[in-house]
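One chain, subunit A, appears in both complexes that follow, with subunit B as partner in the first and subunit C in the second.
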Partner chain A sequence: MSKELRTIDFEFKSADSKEFPKISFHYGVVGSGDMELIYQYKDLGGAAKITICTPVTGFDHVWKQVFEKFITISKIGNILIEINDNNATPAVVFLRLNQALKEALDGVESNNSDLVSSSFLELSARERAIGLVDENSFTELVSSYDKMSSPHLPKMGESIEFDDGIVTGVGKIGEKTVFIISQEGRYIGGSLGEVSGAKFVNILRLAREFYESMLKNNPNLPESKRPAILISFETGGVRLHEANAGLLAHAEIMNELQLNRGKVPVISIIGSKVGCFGGMGFIAAATDIIIMSEYGRLGLTGPEVIEQEMGKDEFDSTDRALVYRTTGGKHKYIVGDSNYLVENNAASFREALKKVFSLDINEISKLRRVGSSEMIAKQKKLVQLSIDLQPKDSIDVWRFAGNENPEKLVDLNVKAFLETAKQLDIK
Partner chain B sequence: MDNLLGKGRLAIDIISDKDSFQENIIDGKSIVEKDFGDCAVVGTIKINGIEAVVIGNDGETYNPRFPVVYAGIIGMEEAYKMADAVYITIKNDASKPQGEKRPIILVVDTPGNGPGKQEEIFGMNKATGGYQLALAEARHKGHPIVAIVIGRAVSGAFLCHGLQADHILSLDANFGTMIHVMPISSIARITKLDIEKLTAMSSENPVFASGAKFFYQLGGIEELITDIDSMPSIIAKHIEEIKKLKSNGEVDATGPYARGKLGNERKGRIVREKIIQMMNDQFATVESKYS
Partner chain C sequence: MKKEKKVWNIKQQDYQERMNKASKFAHNGKVLEQKDVVDVLSSIIKSGDRVNLEGNNQKQADFLAACLSNLDVNKINNLHMVQSAVPLPIHLEIFEKGIAKKLDFAFAGPMGAKVAEFINEGKLELGAIHTYLELFARYFMDLTPKVALVCAYEADKDGNLYTGFNTEDTPVIVEATKFTQGIVIAQANKIVDKVQRIDIPGEWVDFVVESPKPFFLEPLFTRDPGAITDTQILMAMIALKGIYAEYNVERLNHGLGFQTAAIELLLPTYGEELGLKGRICKHFALNPHPTLIPAIEAGWVESIHCFGGELGMQKYCEARPDIFFIGSDGTMRSNRAFSQTAGHYAIDMFIGSTLQIDKYGNSSTATSNRVAGFGGAPNLGCDAKGRRHSTPAWLKCGEEFEEQGTSYLGNVPRGKRLVVQMVETFQEKMSPSFVDELDAWKLAKNANLSLPPVMIYSDDLTHIITEEGLVYLHKCKGLEERMAAIQAVAGFTEVGLREDPKKTEELREKGIFKTPEDLGIDRRRANRSLLAASTIKELVDWSDGLYEPPARFQNW
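Entry: the complex of A and B
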């Protein structure tokens, strides 16, 4: 397990090869048992050149067979294929090669209308970034094609990903320019390392500098043109393999969030599988607005750690319902930690964003949870409530908030929940 | 003295001028109304004659209202108490010019944030996030903030209490200081890498290993301190340096962003700069599309 990552190279040529179009095409996520690839045109006299970066040893002959079959059947040539593998089986490799080739040849771009209506929970980081903004408006910055993967992981034998598990870029929602950060939970839990940390931090700076230059050119910049930042979280925080660099990046992010206040609103989007935990849990808490789906989860300490600390009687981390009641979107909405609760699709997140964008920056600032002594005074009342109420379960807090049958809220769909649920009101 | 682990109050006494520490007092008034945030210590000290607000951890007590908060852990009450101290300092110094804002000294010895169910139900993440924003605001407004690690500076708790400072100092490993996200044994278990291999790798790559010297190489610490008695004079020296660096209102000359640059200079984090440059260059080519 602790061998370094290695690269394997092959070259094949099909007798009557078909030339790959003059494009670059990226496909896939380096999840466990999965892989990503980049296809790129190159004049190789009709040959195909393949480079695989993998933690696997001893199966070079299998890789060779799979590629030979792929090239023989597809007859594709004048192509460079680069693969980052994370223990994908030969069947998965063959499947991915073919799926990717079909999409590349069909010229399939990610289609917004599919993305905005499908389950947000299932979307990759890149699909979320594209789906949240207007069609054809997204430009990725430091993308997979730049291949800025982690310099630290190869020596540890951990698979790399060309985008280091984070998608960063810029797009439009109406006339507003939005800067986007989107984390990929399938790649090492969406964790933050040196590269992904630098990408995250610099988007926050870039957005502020862009706003300041817009303001310089137009001191009467209308509110509708004020840029915004969206962060689609899917992460447990620091990446242990490069823990120190990840930690320092978290501190930089918090610094930029404070500098962006009153200038560029920062909006958290939480509705992906891994949730938003660890250091990223307090990064989200420090943003202006939080939008969650009922499947979104937000917190600081993960359920397993609490169980370890307090015992299984106090918190059973295998009780999925309990975990959702404590950290999920519905609870966070009732206690006011999430400003909006939305359906599990990008279209609903976009609707909430439009509501946010109808507010001016001062109104947005008032929706924050922390960031001033007045807000802290209000939060301290919640802490007092924790002491007075000693809730055994979030349900106790829901009841205290005025919900007469709190247990019933758990199973309501979002629309019915929003019509019924009372939010905690602390004066 | 071997070390100051768990002894935040003693450390405050060591760095303060004799009998100058006034607990809970800022500008003559108590900022704490009742029993609150027992594991955090706040107040006013003088350090080489300079008045400063001090915020530390008390590793020798526990919070009777929150069972997971003891031994220097930062719970919800602790984080809000610490944030209050910062906001009151900002408010009381609001009319002072840039160079006269009061220094804030963070005495760091904390093993973590409150890991409990109550904490998750009511939002521990807001408490630690709120305190960090308070510190960042004070730093941007000109208050010199010096953190000094005297014991444990662990993961999210170090982010909460320490990493937002202008400059970070640490007693070196001879004093038992622990700076890390996780000890190497836990990293080995989770990443399934051999502990021997990880330990060997850490000598050439500081990016994951546990210890003050590795954070120093990454630019995460400005200066390592090798003797306890020199703490007050070194803190005072950094207060002056910070004042100079921030005299024209510069916010990137100190703090987390400056430590990123320091990480590059010390060759501990060299890819960070490349990413920033690449992203800026790429954005410049499309900026007009978005203006």
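Entry: the complex of A and C
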């Protein structure tokens, strides 16, 4: 039985309350067992007003106790607290409330250098968007504060997120204006629904219109000023709860990719936990450039579905090493699906981006996988090869590509791998 | 008084009689063919015999278990199984078929629900649930096996066994069986000309057989750093600052949960920052936890003795002979009996996790319909009353122990083991960790147990850590203060909601309850960037490629 998502409201006032600063502050991700919140100043005569949107029933008294304690200890007042919850335990709620309050009061230290050097795999969608562009250059468009969340999920009792699981915005890398789309895998597997789909499509459109108006003002626009689009994928594809809208969005994205061709290069960044699967795998394949880390995964049908349809002999989805080996960055690099393989941090992705940005648009379009009759002929040869070779494992393909000890490549670090590995050469 | 006229070697005669029937199956010394094993077992086992089927925490004599289950129940039945663990379906099948009737054991793990069901249906008569060490003790007292079915990596035709990395319980079982004229059969992954090291001498083994496939081994102690949460990191910070640093805990055991994995991964980062290197975590009684690799590599650890091995850690352990216990052949040897002894007498602290803690501080992992058993935790998570040597951590805890002075000791000082439970106040599916009454009581009723199975008794427990903070229970005076302290860390559970804020304040002033802020911990820093390794791959990198994680843990 599915229940509708519900909202709970509380109001508390601490005797000697401290006023919340006149800001809005967003914190957290609506992952499973987790939550997000927005703190906002509001003149409530010293009180704190709390609204929780949650699928959980039967714990209202516990929520009340959690907030009573939080307000009593922190004494915070004149504050509006809005929460989207996805089965967070009281302990997690209390921790997030406190972590967020400390950051809101102390101000977040500008830690771009931390974001750039830390594990890309661990970064949230927003952190990736911020970390991929130059420090302090990111501006989010249709952000959490705009609260454009899914209109469909509440009826199904599914948690919502203020940004619908996708971060969109614009930033700078050197002289270049870059438009960014970044998906959040912790929120419903990074799936694409109606709102997240619309945000995705419109950033692509915005980038194109931006370029067209730049060109209008300056017909001799230098290559270095040509804008670019980055998509940091972390998704299993269509959100099944709103599948029609999600599929439609996929079609609209494909259309926008075509319209952007030869104008604004679209670059895929794949190095997050969920990988890039389902319909989004098609989208990534249709972009100009793909950059992956060794933890990135790219594919169409998910491993479980392949096993279900074709049997365990075809693909054992419980063999994690096999799954990663056949969908992971190293394999995609060897077979040419991925143009660059980089280390697991934003700095390395940025280095690869700078290499891409040194190319002109014609050179970039040569790096595509599809889009010309030669490229399609090459893809057909790849299909024929897989029929002839009947590989049981990606390692069989690596051997065919001329790698003498393909098993050894699995554990090599990225630098040693790039020095050693031979890519598949299909003319 | 008259001296009894008696035959004194009935057991030897019985042994000969049984062996006479079975020895014809052996060829090439003591080697059996796989197809003959059921016949051999039929020849040497009699109804009602006490049989030990090696089922450890990790390695399982699974081939011999399958053979045992194929005996003719009309000829052989009512066996009394004495074995450490019954974690495989085949272990229960032997009872289902009626071949075995009674069970004395220590750990059921995934078969806990089946064990409870079988007790209820009368298919299984329970002797007792033990701790490992307690069960081993009874092997030498009143539960000596008549037949032991054990497992090894290698065996030769003379019966010599190499049990190596996963020696675990084999020496204890074989010694208890063989020296009371019992019969020992070993399954080995490989029959070889010469075993690479003699872990069990051939004279103690009657038959060996090469198993159709290598014995089943469970990676019980591998925790993926990728799954460690911010809350667990906060609790690990509390543990390091409030306990490890305060008591200078040098010798210890870690439980197998994510909380202790977080502590291990915080040693080279947060621990280093607190200046604790060289002061804490020098000696462990511990399975080779992959999450301990960064701390070992960063030079924290001096020695580790292992209960058993861990899948994928063999090469790493062998390459660190200064740390692990390594034979002259260069491979590690674990030994559960010795490691449990070390864990009982020679550690200053046990720290682990549990499912439920009651309002008095008793804890249990039992649920109302699962007889999970104890394993080794109670021997580690208790104050060893026979301990006489002292260490600073042990002495300090004893000095702080409020009830010590009011006991029968008068003015005589005594130390105390630090026994720490780390739990989040709510576990999966919002089930509370703090309860009025342990589910163990319901289980005792459902499964006809004489006692509710308690993992760690309250009088042994010295500290509880939750995301709310840390309580020093041994500093409490009387049960009422102790219960107030438990309420203070019990968060928003029913037990926690009974908290009296005034009392909690008093406990804070007395230093019995400390919040993260009291300990000077910045909650914002409680995030995954503080982990020395945040993926399995990073553990492999720390180990210079020596750690070989099982496929199910690989994401590259």
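We take it that the second predicted complex is superposed on the first by the 424 of 427 C-alpha atoms of A that agree within 3 Å, B and C clash if a C-alpha of one lies under 4 Å from a C-alpha of the other, contacts with A are read in each partner's own complex, and residues count from 1 in each chain.
Just so we're on the same page, contacts are C-beta pairs under 8 Å (C-beta built on N, C-alpha and C of every residue); 3 or more make two chains touch, one makes a residue touch a chain.
All of these numbers come straight from a predicted model, not from anything done at the bench.
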- prompt: Between subunit B and subunit C, positioned on subunit A by superposition, is the outcome a clash or a fit?
  reply: fit
- prompt: Does subunit B (first) or subunit C (second) touch A:L141, or do both, or does neither?
  reply: first
- request: Give one of first, second, both or neither to describe whether A:N244 is in contact with subunit B, with subunit C, with both, or with none.
  value: first
Partner touching more residues of subunit A, whether subunit B or subunit C: B
Message: Which partner chains sit in contact with A:Q99 here, subunit B, subunit C, both or neither? Use first/second/both/neither.
response: second
Query: When the shared chain A is used to line up the two structures, what angle, as a multiple of 10 degrees, is there at the CA centre of subunit A toward subunit B and subunit C?
result: 120
- request: May I ask you to decide whether A:V410 touches subunit B, subunit C, both, or neither, giving the answer as first, second, both or neither?
  value: second
Task: With the two complexes superposed on chain A, say which partner A:K199 touches: subunit B (first), subunit C (second), both, or neither.
output: first
Message: Once both structures are overlaid on their shared chain, how near does any Cα of subunit B get to a Cα of subunit C? Whole angstrom is fine.
response: 15
Query: Which subunit A residues are contacted by subunit C in one complex and by subunit B in the other?
result: none
- prompt: Considering the complex alone, what residue numbers of subunit A touch subunit C?
  reply: 56, 59, 62, 65-66, 87, 89-92, 94-95, 98-99, 102-103, 114, 118-119, 121-122, 273, 294-295, 318-322, 324-325, 328, 330, 410-411, 413
Task: State the interface residues of subunit A toward subunit B in the complex, per the touch definition above.
output: 1-2, 139, 141-142, 146, 148, 151-152, 155-158, 168, 170, 172, 177, 194-195, 197-199, 201-203, 206, 210, 214, 217, 237-238, 240-248, 250-252, 254-259, 278-279, 281-286, 298-301, 305-306, 309-310, 314-315, 326-327, 331, 335, 337, 369-373, 375-376, 379-380, 382-383, 385-387, 390-391, 394, 397
Message: List the residues on subunit B that touch subunit A in their complex, please.
response: 65, 67-68, 76-77, 80, 83-84, 87-88, 91, 113-130, 132-134, 136-137, 140, 155-156, 158-160, 163-164, 180-182, 187, 190-194, 197, 201, 205-209, 214-215, 218-220, 251, 255-257, 259-260, 263, 269, 271-276, 278-280, 282-283, 286-287, 289-291
Message: Using the touch definition from the top, list the residues of subunit C that touch subunit A in their complex.
response: 226, 229-231, 234, 424-426, 430, 466-468, 491-492, 497, 522-524, 526, 528-529, 534-535, 537, 540-541, 545, 551-556
